[in-house]
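All remarks here apply to the structure that follows.
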């Protein structure tokens, strides 16, 4: 009898299962979230060469890097938000490792987001998606496809004099996804799981508020969601094991079955 | 107090080691050659020489004390005279008193320097603290620039022309051709002089000496000893030196000779008209004019007229720098301060050969040196007489 | 009247770049009293505290009364040229390739006689104003300036060896996002800089007056993030050989002291934006600038640091900020020594609190970014290396010179 993992390995080898990289390359230029300048700031990615086959190390090349826990494509743990600060296993080092493998539902809002950078995902919109693709299974990632990852930095952050403008979920839909669909977490292509203007929502930053308050996870700055099927992808999302880490840059991989 | 004379002390054994434009040898080598020639000339053994006075800019890190071991001497009297162009006369004054007092019997006085390809620049840049702080950073023109300013001021004040300076330089070149030991013996015409390239206006090429390597030396001893060694000698009539004279003059227009010349003539008991030849320190012709004035041969500011009305060659009515001076022989560093003195000894002991001034009985040698900042600080002069 | 400088032609790429040479840079310890005065654009000589005699060259004893009390004091600079010469042959390699070179003797009204460089409009017999400047070796020299300003006097070839005039030079302003960088761009344009590269980090992030900056004459915006080593390296790779004057306008003033700051995030950003940025600029622009110190009319000339005057003494209200500025000052001193071989000046502009949002709660007087920029251009034109701009900076400097311990207590009160 063929074991599940052997069959899986065979599927990978034959191409029946493909691996899609949902991760942005870490570069100094990739935008980080913009906070008011008097507040603490998330460090952008920076690389300092230790040596490059030179007098600092003749036969080897390596770098030191610095960045924040929420720089680049990254994972948000419940402890990141004040609503999740008291939960058990709420930091990247204590989250059970089986939580780093979960299926994903991809809700395509790319047309709506292109038309309106302040597009807000609502319950009816998700219900319409379910009507087409079926009910969101429990413990699934819900990924918001906006094609935002294709935008150049200025449009990606889209800062106007009243703050950033980018798509995200309404408060009601986040609460509904957690309470009615028992989702695993929420993922976006934008710089945060919340909409650019979510500071003005009630509660502010609802994706953070509800997801983390209920021990769910966040994925941000995802790429290539346009290459995923609406359902059926399996995400591998293991963050760095930072003690009491609130999140971590990570490599997000999606496993997708090739249609026969 | 009346100054005591230099009775019983004499100068002899004039030595000139032929100059070279550049030398790969050290100052020690040149001093060694001069001392060797001195022992050959006098018949003295090195151990007989119990006094040594040396002037040299390129002896570093040594001074005269190091030379004693280098040369195998064991003197009981030792002097280092870092006074450049005034050094010859200053050495003479000190050594003569030592011999007169019995502190030494035979004092070798040597001025010598080497000239490596880059040693002139190095000497200039570290010549003095004031030069380092306040002169060399200003164009690094060296003494050419310093004397350009002195010359310009002198011209402004006296009306001296380039042609007046040229008379000095041209006459000295004529003398140099008779001397034979000069680095520059090519005939020099007034046109050559006037058409030479400018170096630091109004200084042009033939106003400048050529730095080179060389050595000059003579011996100071008691008259009795010179006689017993069968050495021709000359007497010292009087000698002066002065340093940092007239420090409030904005630009050097006179030297210390003016301050002490009455003493010089009174001690010798003669007047300028008794002098048969003059050996001045001539690194630039302007300073020759100042010596002619300040030593009393004419009034202040009248040297231009004086050189116009006199002939300065060895056969002229005012023989001056009879071997050609540094302007033609070359400036072998501190040896330049001994050049005129050694030539004067030759003149007064019938050893001058082609440069001999007829019937020369009394000669005046003057020295000048050390552009510490904007002017030469040291001035000196001696009157010498045929024995 | 001086011949007006004409815009230098583009360099012939087939010609070897002239290597920077320096005039002799050795001075006695006492003579550095002149260097100190020249660094600040003052004319100061030793004046005997006992007999009042004004002396030059610098000495360690008064030649009138032998007193050892010989402080440097500002003295009247007026004098008369007694004699001049044009040096056409020099033993020094630096001057050899710059001859003919004019010097002269100047009698100062206050007594001393100077052997001095002469401005081209100064002739024998003229009344002059003496100034002390820093030559390419970084040491003080005197140059006699016309008694009254003459037309284009700043273009004099000998004077320009001693100054860093932005005219026809190419300037890099490292941070154009802030008001100071923008004011600096305007000031450099007004001073005749031929190109003004202005660095802008995070171009995706809008900033105030961006449109005005882009419209400033001769300004070219470059993407430059001083906190990113690779960005600095990339821009240097493309531009370093075209930067004659580098003005580091990066700023990161944040209030708060040391003890109650709650962590190091802000301090690290301060150090990254200011101190490490300075190191990045030094490492990536410094070597090329040093090599271009004698590269024609628009040779590399100056590396400018804008520093808080509290680099000199800590202001606890902005305690961590002051410490960062002190680190920058110390690094600037090292850089000064390292760039000296190229004849490149490191100019430190010390300013009090600027009239910007980051010193909003600080009472006046405050310095406007425009005043700081204007003072920077002025300092470059004079060729000085330390400038204290505005009332606060000058007040702090004076109190520091007079009674540093009192100042420390007063700033901490």
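Labels A, B and C are assigned to the chains in the order they are written; within every chain, residues are numbered from 1.
We adopt the following convention: a contact is a pair of C-beta atoms (placed from the backbone, for glycine too) under 8 Å apart; a residue touches a chain by one contact, two chains touch by 3 or more.
In this text the structure is predicted, and so the values were computed from the model without any measurement.
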{"item": "Overall pattern in which the protein chains touch one another (line/ring/star/complete/other)", "value": "line"}
{"item": "Central chain (by mean CA position)", "value": "C"}
{"item": "Distance from the mean Cα position of subunit C to that of subunit B, given in whole angstrom", "value": "49"}
{"item": "Inter-chain centre distance, subunit A versus subunit B - centres from mean C-alpha coordinates, in Å", "value": "93"}
{"item": "Subunit A, residues touching no fewer than two other chains", "value": "none"}
{"item": "Subunit C, residues touching no fewer than two other chains", "value": "none"}
{"item": "Touching residues (chain side subunit C, partner subunit B) in the complex", "value": "23-24, 26-28, 31, 56-58, 63, 82-92, 94-95, 99, 101, 103-105, 107, 113-117, 124, 135, 137, 139, 141"}
{"item": "Residue numbers on subunit A that touch subunit C, as the complex places them", "value": "28-29, 31, 34, 38, 40-41, 43-44, 46-49, 152-154, 156-157, 159-161"}
{"item": "Residues of subunit B defined as touching subunit C within the complex", "value": "120-121, 124-126, 129-130, 132-142, 144-146, 148-150, 152-153, 156, 197-203, 247, 250-251, 373-374"}
{"item": "Residues of subunit C touching subunit A in the complex", "value": "202-206, 225, 227-231, 254, 263, 265-266, 269"}
